[in-house]
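Report on the following structure.
Chain naming follows the written order as A, B, C and D, and within any one chain the residues start at number 1.
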Amino acid sequence: MREITGVHRLRVRYNEADSMGVTYYANYLNWFTLGRTELLRDLGLPYAQLERAGLLLPVLEVHCRYLAPTAYDDPIRIETTLANLSRTRMGFRYRVYLETGPERLAAEGSTEHAFVDRHLRPIDVKKHFPEVWQRLSELVGS
Amino acid sequence: MREITGVHRLRVRYNEADSMGVTYYANYLNWFTLGRTELLRDLGLPYAQLERAGLLLPVLEVHCRYLAPTAYDDPIRIETTLANLSRTRMGFRYRVYLETGPERLAAEGSTEHAFVDRHLRPIDVKKHFPEVWQRLSELVGS
Amino acid sequence: MREITGVHRLRVRYNEADSMGVTYYANYLNWFTLGRTELLRDLGLPYAQLERAGLLLPVLEVHCRYLAPTAYDDPIRIETTLANLSRTRMGFRYRVYLETGPERLAAEGSTEHAFVDRHLRPIDVKKHFPEVWQRLSELVGS
Amino acid sequence: MREITGVHRLRVRYNEADSMGVTYYANYLNWFTLGRTELLRDLGLPYAQLERAGLLLPVLEVHCRYLAPTAYDDPIRIETTLANLSRTRMGFRYRVYLETGPERLAAEGSTEHAFVDRHLRPIDVKKHFPEVWQRLSELVGS
């Protein structure tokens, strides 16, 4: 399959830093969520619409490595890659860059998601949301 | 009406302090929510059950004054008072105490809530949830 | 004094909505903080720089009224106004607009801040940070 | 080495659930932090004291698998295990149990930490904080 990557920029919010003065580790997961939101929008599949239609993407697994600290007001670039896709699952990879001074890779991670319905029951996205499946398949060329 | 007060204790979480090293101001609102949760449980009206039954209490207004800083791991006591009640609204007051050393009042505030249904439409709690109304009326003696 | 207003736009993050499906009330305070950050940057006084120089602005008091719910992915506009200024204090007002459909005022609020040093001791900003004071005085015309 | 496990209980806070009605995935990392805080306190090494003394434990890596959803007000038990220790690093494992009905494992994960000083420079804990090292070594029997 083809990998597809989207880019989103933000600044570290005041409340995202902790008393060490650096971004608290759980907040990178919020940025991953932002990265997914913006990538799915770019792909013509806004997640807010998917959820209203009854297609949810809860997280099964997350991994993150922290490579360089970031701090309040730092400019950040998140690269989000749709890395794997099946009829029941979808996976993303993330690279978080610090854009001040010489660019640095601040963190990298991944999330794995299940396709589920409103009642959190696993579903076959090809069967229950054929248009979403077609769009995704076209994009990744599978 | 009678005022009813409940007490809840917690320690400041690591992620609740900001880069000044003190609790970030919005987190006191999370503590207010905890205080309400525990007071309603004490009163025999657990909010999780109310929500499942279709009675929601969104916030219409909040106010908070910050009197002394608190920091990571500080022991905190929240006193939550059911301060006003009508068929369409409910109000709470909060006092947040720092329990290290000589006790200090760290913050005080209030929230005002509407009774609404699942679709966020205002409701008359006496009409739509008579048992909840009866319990609340008995408690405050109105 | 002259009032000065800045504008900042964002989308509601996934993790900012609660299980009612609407933005949790404490998150509006994070948006107020964002509004202040962007207004101070516009005024040539980035808060990250002020903090590094030893000038902190802890919140003394916050007030917020919630007028219309907002939800995940909604486009939001925050208008932040520098509303009062003295040698020891600074106050802001906020208006949060929902920009989908016919624009609606979703919330309005205010915060009051003290000028303090790194040790959270109150300071006279005119005396200890004369350049900051001069810039602020010019802006508000006081 | 011996593994050491501590137990901490909490209820899911209202603001920890997202619009799916289940605990948002990043909040499990806050619970991991709570688990570490309470385990270190049990071991006679309160993290707040370590930080004041200049010994910080930033996260290098985190991993979490989500096995069963949890929701607002659910009673949760976190088991935190000190899983590895060297002079420059420390690792923890976590198991998060849902305690309503028949107990379920809701999530499991791990974090890896560096020993650093106030300036986030890596340090040899045996050399710079010999008492902390001695206490930890005794505990894990290394």
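The rule we apply is simple: a residue touches a chain if its C-beta (ideal position, glycine included) is under 8 Å from a C-beta of that chain, and two chains touch if they have at least 3 such contacts.
Source: prediction; values computed, not measured.
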Which of B-D and A-B has more C-beta contact pairs: B-D
From chain A, the most remote chain by mean C-alpha position: B
Whole-Å gap between the CA centroids of chain A and chain B: 34
Chain B-chain C separation of Cα centroids, rounded to whole Å: 25
Inter-chain centre distance, chain B versus chain D - centres from mean C-alpha coordinates, in Å: 29
Residues within chain A bordering two or more other chains: 14-15, 19-20, 26, 30, 33, 51, 71-72
List of chain A residues in touch with chain C within their complex: 11, 13-15, 30, 33-34, 37, 46-48, 51, 71-73
Touching residues on chain C, where the partner in the complex is chain D: 14-15, 17-21, 24, 26, 71-72
Touching residues on chain A, where the partner in the complex is chain D: 19-20, 22, 25-27, 29-30, 33, 51, 56, 58-66, 69, 120
